[in-house]
Amino acid sequence: MSIRKAIWGEQLEAIEQNLSEVDPDLYGYIRDFAYEEVLAREGLDLKTRELLAITSLIALGAPKELATHLEGALRNGATEREIRETIIQSALFVGFPKALGAMKMFHATLRKLLSEER
Amino acid sequence: MSIRKAIWGEQLEAIEQNLSEVDPDLYGYIRDFAYEEVLAREGLDLKTRELLAITSLIALGAPKELATHLEGALRNGATEREIRETIIQSALFVGFPKALGAMKMFHATLRKLLSEER
Amino acid sequence: MSIRKAIWGEQLEAIEQNLSEVDPDLYGYIRDFAYEEVLAREGLDLKTRELLAITSLIALGAPKELATHLEGALRNGATEREIRETIIQSALFVGFPKALGAMKMFHATLRKLLSEER
Amino acid sequence: MSIRKAIWGEQLEAIEQNLSEVDPDLYGYIRDFAYEEVLAREGLDLKTRELLAITSLIALGAPKELATHLEGALRNGATEREIRETIIQSALFVGFPKALGAMKMFHATLRKLLSEER
Amino acid sequence: MSIRKAIWGEQLEAIEQNLSEVDPDLYGYIRDFAYEEVLAREGLDLKTRELLAITSLIALGAPKELATHLEGALRNGATEREIRETIIQSALFVGFPKALGAMKMFHATLRKLLSEER
Amino acid sequence: MSIRKAIWGEQLEAIEQNLSEVDPDLYGYIRDFAYEEVLAREGLDLKTRELLAITSLIALGAPKELATHLEGALRNGATEREIRETIIQSALFVGFPKALGAMKMFHATLRKLLSEER
């Protein structure tokens, strides 16, 4: 299974179509280099990789990509608790405002997923 | 065992004395809040917490603290490979220059540890 | 009076309820460590602390928290002029785009407060 | 012709009025120092200056100003291709999330300009 | 008295000569715009401006300029305690690593000043 | 000619050997993806690409890589004046401290190159 499928889940086609339209070359690099080469490397399981991605994105302040990898972490076996711990810990390194912003987004993500399940 | 002991190892006393001299109040918060409260939380093992710390510190560009947690990760069971993967992955999110700087520091850390072992 | 009451004013209960729902543990740290321990320290008056908070948040790019502390600064005796000077000065250190973004938010904050007074 | 006119085009008056209202002193510095002094310097043509501005703003994460200079670059002779290359290259230095966010904004800018032309 | 004299003290000539040699135009802007125009504005006393400068520079991670303004703050009436509080507070917003780095630099600055006094 | 040769010049072998030793996989990505794929793209000449790289690295605060691309810009036809303008302009977007740090490094680079020529 492709790494994009593992992380993006059922959103794969929608993301793929959107990004191809935005810029096919940049999407090509994201697909072939970022996802299917680097994130596909052995040596770290995908759950840990997604927790690391969340940590990078909290520091960076990239809300759209953070939302993608919060769902990606859940999809690859991270528990709600593990993701909350990841966010809380980041407050030590990058400050409370960025950690709080990420936690609000995770709260919204959980509510969205819950309402979809119903 | 305290979390500081687990992460700082035999450097605990030297770090403790240095930071107390720099500012006892700030060190008090680092000791009691950052290490013995937040990093000591359950829900994530210390190895994963150290890989997350490395990721935050690469994004932040804090070389001194990065060195501390590169050693801390090794001390808590992360393999050389897992740390290299953590650094390589961060290039996707925060760019190659910060990832390369971190990898150079890890290379220097490994050489230092090797020469101490001899 | 608690520091949160001094900074959040009549929004205390709404913020408290919202953050507790988002993550009670993270909110606990924000309440007990960030506000009631660190921001409550002596050695700097609360007005100066709020101008410093504004400066940190401009650099960080955290609009939601910036709005909170722009109101917090007014609530603790900072004049409109002092806050404008704080924002203008930050342009030197972190560039015009972040300073301008903060000034637009302050402009919106002042209009909101004015319309509430009516 | 003023540099603001060259970069802001027909939006000059609207931007000028908005920024003067937000803060006349800060706008005065943006007008007299940032635009009519620094960006007006010789030694680099305005097209190159706008590609550099885009690069700074991608790193900074300032979407409002990025939109202004994406249009400014087009207005001063940068081709769509040159702007796409500028954005793609920035992924190497500041990571894929910021580059992708900028490309989405450029995609939206192009669509807006196209619909205005009709 | 010029603002540069007030902040740089007896180092004025050395700094002026060094920066003029590095780039006379950039130094001209730093002198005429940053110091003698913006930092010279009324509406905030110079002590507060220097505490704000320290806060911006901690967030930014610019050690050389931080050292300049740590001394500048002392020169303009900030107490050691006020500067320590400024640094400690910044840990909440930008994380412990940057605050600790700044405190180490302040510790070194105080020792240097003490040894010069002898 | 490879893009690495064009940017690194006679330092190619030294950089290649050093980076391969630091981490062959990360170096592989820098070589094959960053340099020989992305920086090698058509649509922007290499001189402009190097001025953009300098701008990204000033924002990022990566001094080692900045030094590499300051020399790389000179090697690909950028004049001293164009590089000074690139650095001065960045002060508007990311503040004076980062621009001044970059200009000091460029000053040192020019002196080093001058002394090597003798």
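Labels A, B, C, D, E and F are assigned to the chains in the order they are written; within every chain, residues are numbered from 1.
Operating definition for what follows: a residue touches a chain if its C-beta (ideal position, glycine included) is under 8 Å from a C-beta of that chain, and two chains touch if they have at least 3 such contacts.
Bear in mind that the values here come from a model prediction, so they are computed numbers and not experimental data.
Among the remaining chains, those touching chain B and also chain D are A, C, E, F. The pair from C-F, A-C or C-E that reproduces the interface of B-D, where over half of the contact pairs by residue number are the same, turns out to be C-F. Separation between the centroids of chain A and chain E, computed from CA atoms only, is 39 Å.
Separating the centre of chain D from that of chain F, both taken as means of CA atoms, is a distance of 23 Å. Chain E and chain F have CA centres that are 29 Å apart. Shown for chain B are the residues in touch with two or more other chains, namely 29, 34, 38, 56-57, 60-61, 84, 88, 91-97. Taken as a contact graph, with one node per protein chain and an edge wherever two chains touch, the assembly is complete, since every chain touches every other chain.
Only residues 19, 21-23, 25-26, 29-30, 34, 56-57, 60-62, 64-65 of chain B touch chain E when the two sit together in their complex.
Listed in rising order, the residues of chain F touching chain E in the complex are 61, 84, 87-88, 91, 95-101, 103-104, 107. Residues of chain E that touch chain A in their complex: 91-97. In the complex of the two chains, the chain A residues touching chain B come out as 34, 38-39, 41, 43-44, 48-49, 51-53, 55-60, 81-82, 84-86, 88-94. By the touch rule above, chain C contacts chain B in their complex via residues 29, 33, 38.
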